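Read from first to last, the chains carry the letters A, B and C; within each, the first residue is number 1.
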Amino acid sequence: MRPLSLALTAQRARDGTDALTRRRVLIAALFLGVFPWLMPYKALAINVLIYGLYAVGFNLLYGYLGMLSFGHAAFFGTGAYGCGIVVARWGKPWFLAIPAGVFSAAVVALAIGYLAIRTRGIYFAMVTLALAQCVYYVFFQAESLTGGENGLRGVNVRSISLPGVSLNLLRPTTKYYFILFFVVVALWIVSRILASPFGAVIEAIREREARARACGYNVAAFKLITFVVSGALCGLAGALNAIHLSTVPIESLVYETSGLAVIMSLLGGTGTFFGPFVGAAAFLLIQDLTALWTEHWQLIAGAVYMIFVLFFPRGIWGSVLEWLYR
Amino acid sequence: MTLAPDVLALQLLTGLALGALYALLAIGLSLIFGMLTVVNFAHGAFFMVGAYVGFFLYGLTGSFWASLVGAPLAVGAVGLVVERFLVRPLYGRGLDYPLLLTFGLAYVLVEIVRILFGKQGLPFDTPEALSGAVDVWVGYFPLYRLFVIGAAAAATLAVWLFIDKTSYGLIIRAGARDPVIVRILGIDIARVWLAIFGIGAALAGFAGVLAAPLQGVAPEMGDTVLAEAFVVTVIGGMGSLLGAVVAGLLVGVTISMTSLFAPEMARVCVFALMALVLLVRPQGMFGRAGLLS
Amino acid sequence: MSGDVILSTIGVTKRFGRFFALRDVTVAFNRGSLTSIIGPNGAGKSTYFNLLSGALSPTTGKIFFEGRDIAALPQHTFAHLGIAKSSQITSVFPELSTVENVRIAAQARRVRYNFWTPRARYIELIDKAQALLEVVGIAHRGDLPARALAHGEQRALEIAMALASEPRLLLLDEPTAGMSPVETRTMMDLIAGLAAKRTVILVEHKMKLVMGISQRLVVLHHGEIVAEGTPDEIRGNDTVRRIYLGGRKF
């Protein structure tokens, strides 16, 4: 059980009465603004942005609504393919491609969510995993559109013309800030949702579903809406990743990618605003540093993750909060 | 396209062989869930480890029978260690945590196998005594697949006899219903849970070594199997052994039959089946409603 | 008290498999009354309450609330109709603060699908939650997470949450279960006060408790109504005395 002080802190965050919470998007934007200079190289910083957003989307569902999905790769992958196909196959510009990725991920989330929210708890984890595997097979088979096993190549967005400026995305720093713009907008949206009446209800559903229903809330509708929003955020992360990599590997859709969202959120701290980003950064740093001396970095990442599940279930950021407000 | 009845019959047998493996996996999952309310996300990894232990023992001893016995024993032992030292500390902390932990464990097991046996998949020869085909009246059918059906049926029968007819089984059934009562009766429920986790893991390992001659061994072979075992469990109903067997065979036959008509749809079809079950009967064919609420 | 009927169940039967939890229950409740449903354990009281609050639907029969058949409506619509229930097992949002618990209950009537406005902007909801905590006597505990409250306080919180939806019909399922004598007295005083302004139906198996405050009693036994009437009539009813009290005088 969480210490009383932490529950009080969490409530202040919900109420929006503490300074950190009211400025959380600004703080995130400022920190991420200087972040590339804290990282060994820019590509790593970009990965933290993309996977951080991916984990934020997952955390909205798991940390705040309490539904553990093992199928979020379906949304990350669909977002990536949706964006990639619009660019690589249809030759349309980025400002159509990114919304297309988000939209297609939301549609897939609607279909999967419609089925999966009929189940609860651990059953939900199994069903989302299975349905995501189904999405994988569909993209794998649709070779003419997706490139099948080889992935989708040629998602080239080299430069972006805005009124007055032209951004050269071949420069890592420019690409970083281009992606950061979308991530900050997404964080702002998530922050508003969490502070809204809707956000209050999803936390109430996490706490006690039957009571929320008795209070007069249509629990199934809240679950499905949150599922779709969560899927759309992960779809945005996928779309940005397609532009970042210029390709969409079929691995975007596999079970291990779903697991990444779980691992990163758990490492950072579920149900906290900054936790998923902290977790994504921690995971990618572990991967990057251990890869220097062994190709079996998964062994170390997996072991660290298990240690957190066993001994630090609040995650890095959750433990920091506990220490700050003890 | 018209298909001769004998082709259909042979394909049905192929489906039953595949389904028998699914049933073994789903029985292990259901057993562990029914007793411990733990969804074992490492079940696919146990399957994979079983296949690799079989591969290793086959190479070492040259006897397939040795690996057939050794693999479930070894994986069962892994299961015992996992329950005792990793899963047990998490009881009482919410149902999510054992699931999250076993998921991480699968991640680690896959990597350990990669270190020991390499990243590439390896071929696994069908044992001499079981290769070739036999006349099954409608045509010739690979002997090894018949053996898989028989071995899986024998293992299922053994589990059923153990649970339904022995005094240990009585404790297990009582414990699944109400752990407190069992504890009051002076039985150490923790040891029952330990044993169940070991048996469930051993069944996954047995399925793994049985599957190895059909598909070879690869570190990732557990990933897709895990998703398919979940599908079987959802269709059959969580916690129901009968459901595991029926749904396992149903899924196996569905895959083999659709691959006859539209091979690219075979896998997707199984998920459509699951979607249908979720819409009509969310607790599964043989599941109890409200079990997971 | 006017004689108009706010709620009536007509021929309501609830079957679980072969077991009849309720059989052909027909009762009417007058607006503004306080009625208690009593009966020994397993009489079907909780099932009946679950039907009235929408948690279950009857196998056959109709439930009319203010003239409308509500038997088949989904549970979450009941709060909007004007029916609220506090359940037998304490059911609050444990990690949320006490005042937030009530605020969320109050929010259900005011705003549900707003994703954008900060909830702190709805000051009237916070004020209302605070006022309701005042009514049930736990206003000083508002900032604590609900799980940190004592058992009696959690039951009071439940009632505040039920009141937050401004129900015209309030259902209370054994509100004093597990309470100390002092807590029980406070709770019964609170209920008597609430009943002055709205219709209240109470389920209780401690019969003595409800005798003093109820205008009418309905006695259930084995899923059927065996008696109904004023406390005095019930007190003198031989059937009730036999099945409910084993013949003892009370």
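The working rule: a contact is a pair of C-beta atoms (placed from the backbone, for glycine too) under 8 Å apart; a residue touches a chain by one contact, two chains touch by 3 or more.
Quantities reported herein were computed from a predicted structural model and do not represent experimental measurements.
Asks: Compare the CA centroid of subunit C with every other chain's and tell me the farthest one.
Replies: The most remote chain is B.
Asks: Name the most central chain, where centre means the mean of Cα atoms.
Replies: Chain A is the most central one.
Asks: Rounded to the nearest whole Å, what is the centre-to-centre distance of subunit B and subunit C, using the mean of the C-alpha atoms as each centre?
Replies: Chain centroid spacing, subunit B to subunit C, equals 48 Å.
Asks: Please compute the C-alpha centroid of subunit A, do the same for subunit B, then give the distance between them in whole Å.
Replies: 32
Asks: Measuring from the mean C-alpha position of subunit A to the mean C-alpha position of subunit C, what distance in angstrom results?
Replies: Between these chains, centre-to-centre, one finds 42 Å.
Asks: Out of subunit B, which residues touch more than one other chain, so two or more?
Replies: Correct list: empty.
Asks: Touching subunit C in the complex: which residues of subunit A?
Replies: Checking each residue of subunit A against subunit C gives 1-2, 4, 7-8, 10-11, 14-17, 192-193, 195-201, 203-204, 207-208, 210-219, 225.
Asks: Of all residues in subunit C, which touch subunit A in the complex?
Replies: 53, 55, 74-80, 84-85, 87, 91-97, 100, 103-105, 107-109, 111-120, 122, 143-145, 147-148, 161, 164-165
Asks: Given the complex with subunit B, which residues does subunit A contribute to the contact?
Replies: Going by the criterion above, the answer is residues 68, 70, 115-116, 118-123, 125-127, 129-131, 133-134, 137-138, 141, 254-256, 259, 262-263, 266, 296, 298-299, 301-303, 305-306, 309-310, 313.
Asks: Which of the residues in subunit B come into contact with subunit A in the complex?
Replies: My answer: residues 37, 39, 41, 86, 89-90, 93, 95-97, 99-101, 103-105, 107-108, 110-112, 114-115, 223-224, 226-228, 230-231, 233-234, 238, 264, 267-268, 271, 274-275, 278-279, 282, 292-293.
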